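In the two complexes that follow, chain A is the common piece, with chain B as its partner first and chain C second.
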Partner chain A sequence: MMKSLILILLLFSSFRLQADIAVIGNLKNELSSMTKKEVKNIFMGRTRLLPNGSFALPLDHPELRASFYQSLTNRSIELINAYWARVMFSGQASPPLKLPNSQAIINVVKENKGALGYINTNDIDENVVKILLILK
Partner chain B sequence: MKFRSVNQKLIISVLLVALVLAIFVSIVSFISELERSSSQTEVMLNQLLDTVEDTASIALFSRNDQIALDVLKGLLKNDIVYKAQIKGDEGFDFQLSKDYVTNNIEKVILRPLISPFGDEELGYLLVQPAAQFKLIEAKHGAITNAISSVLIIIVTSITIFLIIRSNISKPLTYVSDTLHAIQIGHKQRISELKKNKNDELGRLVLDINDLLGVLDDKYKNELALRKKVESIEQQLRSIFNSTSAGLFALDENGVLITFNKTFQHILKNVIADISTPNSLLASCFHEQEEFNNLIVDAFQSGQLETQDFSLLATKDAGLTWVHCLLSKVINESGKVHIEGVIFDVTERVKVEKSITYEANHDMLTGLLRRQATQQAYQQHLKVSTNFKACFLFLDLDGFKEVNDTYGHRTGDKVLVIATERLIDCVRETDLVCRIGGDEFLIILINCSNTNTYQIAKNIIMSIQKKIPISNGISIGVSMGIAHLTENAKGFDELVQAADTAMYEVKRQGKNGYCVSNEEKKVHKISNKI
Partner chain C sequence: MKNNYICLFFLLLNSIVVNADDDMRWSVKGFGTFGFAGTDSDDLGFYRSITQTQDVTNSWGISTDSRLGLQVDLKINNSLHAAVQWVARDHAGDFFEQNLDWAFLRWDINDRTNIRVGRIGADVFLLSDYRNVGYAYPWMRPPHEFYSHLAVNHADGFDFSHKIYFDDDLLTLKVFAGYSFNQVPSIGSETIDLESPVVGGILKFESGNWTTRAGFAYLRLLTDVPNEQLVNILNSPLINTGIPGIKQVIPDLSLKNTNVHYYSFGSIFDNGSWLAYAEASYLNSETNYFPDSVSGYLSIGKRISNVTLYSLFGINHSFQKDVYVPSPIFPSPQLQELSQIVNRIINNNGIDEKSVSLGLRWDFHPKIAFKTQWTHYWLGSNGTQFWQDNSLREKSAQTNVWSLGIDFIF
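Moving on, here comes the complex of A and B:
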């Protein structure tokens, strides 16, 4: 009985850990937070500029990608891929840069003022990066 | 009016109706096709928009002009699209159109474009249809429809025409032509229609044949009747013209209406041109008044009236007598006229006249006989008042001796000469009569006494003149005179008185006269004195 209770708690806590994705930015970024729409426009290639006018550098996370776009656009990853395939074919735009893991994203965000990435909230050290939006 | 056959009219009517129907159907189908193609165009355009909508919204979302142009190019590849446009915010606006064709359609179809990753509206996609396409589509549809409907109409028309022609107009034409050619009185009939045996046309043919039969019979009967009437008329006309009687008809005024040849022949000497029957028949007779009276009598009595009339002859001297019969006739229409018959009775009248003459006159001398003289005297007595007459009774002296000496023939000659002398001595109005043998009676009408005695003397002297027969014969005359008085008027009475006075002369020596009331005084007359 005790065991099963612990298991449920664990499951619950692990779900919580997995579900929360945060959009992070450089500490020097002047923005304190971003709206879902602003994030979407940058990540879907509609704009290359941050709302304050500085260049944006969106970064994709290999494992979190599907759930990130799902919660951001409410579309499946296949649709997102198809979209990018069409846009890329025109040669006028390209999807966000794909990085191998969370650490690599954190490193790039730490180094670039306009970089935007998304990682699990558990992996965030707020001394290193700034949380701009949390997707639930 | 020009003759036009039913068939001709049928063809023209059917063709006209078919033509009108075909035109009507074509117009209606063109209009409906135009509408249909219009709505079809809209549907097609919407389908096109459905196809490119996603791509267009991607182009708009990503502000990708390349994709937008691809979409627009793709749309313009369709005939149906004239112009296409993609418009978003921040000056994102692309449009393409077929500028090489004119387009007069203002209508556009606008599709709002929704972001592929959200619900917000990013802009719109617009297309304008090509008018040319719509028209071509409509034309195509309309022509297809028109051809098929015209075909159906033509086939139906021809079928109906053929059915009507074979069932109605052709047999009708046959019946009409045959009937037109049939002449009354011929045996020809319309032969039975095999196809229309049991319909109205078949019945019509039967009825026409029946009627022709009836007409034929009537025609034959009428022909026979007419021939009969003609022959009767011929006979009557022949009788009318060849009869010895002159036949005629008069109207109520006595004017000639009609007459036959004999009538014309009888009156040929009276009326020069009788062929203008407008003349009064009465004017042909001496007895005009009497003829008019006869007409009045005939009208009043309603019976046959007859009388003899003499004709006023213009050329021939001879008198023509006709016997005339008149009777009133009322014809069918109620008009009254006179029908008359005249016979030439000249010969009969002549005989009658001569008989009468012989009865009244002495054959030898031609003098009146006693009976006739008496009648004439009494006629005078009857008609005139204050009538005077003087009776001279004569007896020839010495006549017996002449008869005895020279014979009766000479005696007769002497009588004739004596008669001539008597007539020479009296006036025309006086009556001279042979009583018999050598006795004569002379009645002087309205003669004065002086004249009477002078005439008496003249007679006696005249008779005594020598008669130039043989060596000359002399005779004398004794005369008694009797005057008509209030007391003595009778013929016989006066004759008797004169006779008595005459005997006094005989007794006293002959050749003189004695007046009845003068007491036997004899006035001797001698031509020797």
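Moving on, here comes the complex of A and C:
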């Protein structure tokens, strides 16, 4: 009984660790947190500005991209790609810059005040970057 | 070993340091379609658009839908951006120049307002300037009745766009003005040059799963069809003796200095699972070559996992008033033929087309979609304006168009 409970808890916690994606920002970013809507407006190209008025630099993660947009917009990655094809190939806005991995995202966020990235919560060192939103 | 990793890490780090504030950055992106289409008719050839030179019949072909687009974007700084888009496709006239759809410089005055100067895409309908990007819409090609006669793909000039946010909703206002030069095929390998100043505007409202759009454009044609030879014949006193009054139809053979007004209204609903597109337009013109017409379509689709099943209904109907073309007063076969040719040039430009389509889009890869579509067309007796009609038919026709292909982005 006890064993299976532990097993369930273990499974649950490892599932949680994989499922949580955090939106991270530069330590000097004046914002202490962001809402899902604010993050969505930036990553979907509806605004180029952070809520405090400074320029945002959104960054895409190669492996987490599908689950990030699913959780942010409730749309599959094919629909997100088709959306960007419409926006980009009609000259309105450019999609977030795609970086090769979590470490690259952390590095760019560390160096740029307006940068916004998303990575797994277990990859975050809060001495280096700031958590602005956790998507479950 | 460890040192090597550290070196590699720093190298990587160096290559991906980006500056949010003012870094010059450029990218090359593209899109394309490889498609195969055919009909079940041997005398009625299908075009995707009236700007195409190659039709397909029951001998199938790849030129209808196949295309390859390249776009270079250059971010100069936070407020200046340049873009060039060139799409290799079957288009009448100058292959390089006519397929250059954009080459503009965009100045973002602030987050809500921008001005673009240069070559800009025509933009008064729902599919905006992504008509060529098959990956961006569910169908094999834009609805034929609505889009195939919109020959203006781009104009050289400027546009001004302003966004107004209402909480979650977004209203975009846009006005544009420019000079358009578009070529369409004529008989044989000839092309007709359409040159015109064009002005217009759009209003777009985006709210949740809905996008609604209204557009208006006005253009005045400054060029004419190559009809000098015919006009000379119709002006000759001898011909006017044989067909009294024939020279009165000369003004009806001209395209120059005619005005065209275009109005469109459309809406898209997409909640991720269901999607619906509906659009209607009215074209008002002073020329017999493009008679006044209304067009519209409705498409409903359902996504099941990565497969979209859709239906599409389209209609285009013109309201031309036939111009009276006199007949010869004595039975001469040559004069009879001349009168018939003139009559056909002026009065045989009607549009009377309806269609129903069923299709499937399968997103088997995040950047590649497979599509297939069947369309059944009903064409009225004077309604084959968008087709290559080799039969000079006097009666209505029906035909099926089948197509399959892949759309991709990169």
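Keep this in mind: the second predicted complex is superposed on the first by the 125 of 136 C-alpha atoms of A that agree within 3 Å, B and C clash if a C-alpha of one lies under 4 Å from a C-alpha of the other, contacts with A are read in each partner's own complex, and residues count from 1 in each chain.
Here is the rule we go by: a contact is a pair of C-beta atoms (placed from the backbone, for glycine too) under 8 Å apart; a residue touches a chain by one contact, two chains touch by 3 or more.
Nothing here was measured: the structure is a model prediction, and the numbers come from that model.
With both structures placed on the common chain, the touch criterion links A:Ser90 to chain B and to chain C. Of the two partner chains, neither chain B nor chain C is touched by A:Val128. Which of chain B and chain C touches more residues of chain A is settled by the count: it is C.
By the touch criterion defined above, A:Arg75 reaches both chain B and chain C.
In the overlay built on the shared chain, the residue A:Leu99 is in contact with chain C alone; chain B does not reach it.
In the superposition on chain A, A:Ala115 contacts chain C only, with no contact to chain B. By the document's definition of touching, of the two partners only chain B reaches A:Gly45; chain C does not.
Of the two partner chains, chain C is the only one touched by A:Leu57; chain B is not. Residue contacts after overlaying the shared chain place A:Asn107 against chain C, while chain B stays out of touching range.
In the superposed model, A:Leu27 makes contact with neither chain B nor chain C. On chain A, the surface touched by chain B in one complex and the surface touched by chain C in the other have residues 37, 46, 74-75, 79, 86, 90-91 in common. Per the touch definition, chain A reaches chain B in the complex via residues 37, 40, 44-46, 72-75, 79, 83, 86-87, 90-93. Within the complex formed with chain A, the residues of chain B that make contact are 55, 58, 61-67, 70, 116-118. Those residues of chain A that touch chain C in the complex are listed here as 37, 46-49, 55-57, 66, 74-79, 81-82, 85-86, 88-91, 94, 97, 99-100, 103-104, 107-108, 111-115. Touching chain A in their complex are the following residues of chain C: 9, 12-13, 16-21, 27, 29, 31, 69, 71, 73, 75, 78, 83, 85, 102, 104, 106, 108, 111, 116, 120-121, 123, 128-130, 132-133, 135-137, 168, 170, 270, 272, 306, 363, 366-367, 369, 409.
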